[in-house]
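These notes are about the structure you will find just below.
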């Protein structure tokens, strides 16, 4: 299926929900939806576009808003669902009910960006250690890692 | 009577640290939990502080076994951002290396699978023959593990006629040996008894849990980025997706060996139609603002990088999803209701690459923010304190 | 069902030479363009600092010893070096000031002992080699 | 004088010292063979051809820190390795290589010694189980359970297979069995099936691939030995080496015609025949992958035990024909 056809179909199926639709490259389609339309849009993608496979979820700190990109892949195209949520109220809905394999990526979002994923089946941390302090979210842009001075163990002072 | 056994973070079956908590009843597993986070290096944060060029080497070090796959995935994304068109010869050499890497990775996996099943002879022989492809890679790139052959706009080293002849010669040997290992792996009764029917993952589950790579293909899901999204040279090449329908570890062995044979075919095609010309074009230092999703079929499955540029010489965001991470939900499903004896085989069958899967956080200790190098005496003191406080279990419980 | 399919192979190898190498006593040769340890050829260095800028591991450090005499000091931190040879690609001079040898057994029990330094006078700029190293040299011939 | 001789008998030859030296040699032989099967070198540097490597390993282990877990039953935990070593070394004394003279039987040759050897060879298994149990580690516990489960699999075929030739020879004494087959070597051919069953069962008893399930390191770390370290582990390893020598000596005495020709030639027979059995054990180890515990039990009862019974039946029929 050529990209144009998919874009047309997406326009038809998503209707109002699709805030932006672009096709910057071959087999790459970016769709922007509002926060509340995320789960319905993911359902449509899974059911009508053979996108049961979620490659990953990318988070992005854009200052006032966090942007989340859900990278879906079907055998013919790579459809990226984009949504934004305000920094002041970081909450998104879980899509685990639609795509069970998303749980790891959502856990990663929670710990790295400090968003609350509502309805996630397993809210524990994924990568960070258990004693990581609350309120520290490493992939936010305002979280800076200050590199400690290099100490060579066992060497001369 | 059920109790919990810890597999990892240090365990002979695991080559890298990860923790699997198994709840077992006698020999049967009833519950599985995977805990990550022992191998974090903060690659994604680090990448934001390095230039486009330096990041090639950073991404290459995400993984030791599929180093080329991460670097290539990154490089082909950045080339799109910078609107570079690498010359054809450069592309052919780049993907020749990536196929050779697939061969080395799958041979390595075959050996590991044999070792996990206690089949050490098989392990020794596959690894002996893996040396052939390692030597080829060393000859092409100058190193055995981190090839560093990619650069923005092409590759760094050219092939000459002698090298091409050597690669073709090596492929002939390897093909013969791979067919032999296929025969052994599918016929040695004690080995087949261990892998057939073990680690069942149905097609529905493979789809729902977003499994990738050979795990998905062994469950009958023909998912291969090289076919679905033919990047670079793969549109011109003739190869087939290897699949199996048995949905078990045997299927994963079959898929990997078939992929080996396909890779030999691809390598020969690439070498036969290697065009003349330059191997690289010059790359700018900065990329225009934009974003790109780069996909690549690594030996373990789909590798996806999301790269966003902001007009400077450093990326705004580099998101890396390694294939192993995508396979963890499926692994939990496969392990359930298995035997303890099957844990290493099932876990090895996803070809786990833990340092790929965990790449996100900096090496900073929680309290002070200082790099955490703990002294041995300190550890000892902590261990003693821990020991004093821990309740002593006097009576073990009969597990059966 | 077959039994003992591996038998012929095992018996055959019983009478063959082992394929392993007795490593610390016997060594294999490395191939021609092996990426070993970087070193500096001080006569050629024009102190453009391209290698320092492009080194992904921050293993190269160039400091000025005496500004008037144009004396510089380069330290290669081999304990940090990842042997990618990007410094060679970045080096704009011909022949290159940065070079790779084929040493690979450079491990030491003290990281300080792994650092190598050179104190040298900056080479005279040749007009041809003055181009800044904006990117790795594409398609350079084999050294 | 008699006391001194007995002491020499127990400590030097064929007692502890000889068994130690010969079992380490056998371990070297096994390791070297296993390596050569896999196109590797095996031990090379300690001593000529690496002959001293097992002894070096033993000494190294002796020097290592010895940890006893807090939760373990300390006395049992510490004493078991010594008991295990004593048991297999005692079994070693009963072999007919030093008891060949039927006219003048030594202290350790008596009617029924074959039963005693088999019994003494069963004891290490129980000791392993107790060792695993007393260390209270979950991995050890699973390993201990596996030790016992496997015992039910291989013990019966082993006994049936080894007792077959004894029935044919009409004696429960190893020296007499060996002497019987030295007179009628052709009868050995009737026991070939039993020999192979016994080799497989001995492989299981020694817990080597494909039966290394109780201490499968990729599954349950060290299994039974998880908590053992230092001297105790060294003794356990020595126990296994001596058990390998004794078991292969037993098979050689029963199935391969014993060790004829007096002290010197008989000893040569002993070396050649035990090494032959160890060669087979090594080959089996290189050929197969580890199987699962349920597969061991079903394999033992579906194939090994019925075949052993068949062998016994053939032996009994043959004996009826001969007499």
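Should a chain be cited, it is by its letter among A, B, C and D, assigned in written order, with residues numbered from 1 in that chain.
In this section, a contact is a pair of C-beta atoms (placed from the backbone, for glycine too) under 8 Å apart; a residue touches a chain by one contact, two chains touch by 3 or more.
Bear in mind the structure is a predicted one, so any value in this text is a computation, not a measurement.
Between chain A and chain D, the least number of touch steps comes to 2.
Look at the CA centroids: the one farthest from the centroid of chain D belongs to A. A separation of 26 Å divides the Cα centre of chain B from that of chain C. Per-chain Cα centroids separate chain A from chain B by 23 Å. Rounded to whole angstrom, the centroid-to-centroid distance between chain B and chain D, based on C-alpha atoms, equals 43 Å.
Per-chain Cα centroids separate chain A from chain C by 40 Å. For chain D, the set of residues that touch two or more other chains comprises 37-40, 286-287. The set of chain B residues that touch two or more partner chains comprises 121-122, 125, 128, 188. For chain B in complex with chain A, the touching residues are 36-37, 40, 42, 44-45, 80, 207-212, 223, 228-229, 290, 292-293, 295, 302, 304, 306, 308, 316-317, 319, 321, 325-326, 328-330, 358, 360-362, 364, 366-367, 369-371, 373.
Residues 37-40, 70-71, 133, 136, 138-139, 141-142, 145, 209-210, 212-213, 216-221, 286-295 of chain D touch chain B in their complex.
In the complex of the two chains, the chain C residues touching chain B come out as 1-3, 5-6, 9-10, 19, 30-35, 53-57, 82-86, 89, 134-136, 138-139, 141-142.
Every residue of chain A that touches chain B in the complex is listed here, in rising order: 24-25, 27-28, 52-56, 58-60, 69, 71, 73, 75-76, 78, 80, 99-105, 108, 112, 125-129, 131-133, 138-139, 145-146, 148, 151, 153.
Of all the residues in chain B, the ones that touch chain D in their complex are 3-5, 11-13, 24, 26-27, 114-122, 124-125, 128, 188, 190-191, 193-194, 339-344, 387, 392-394, 396, 398-400.
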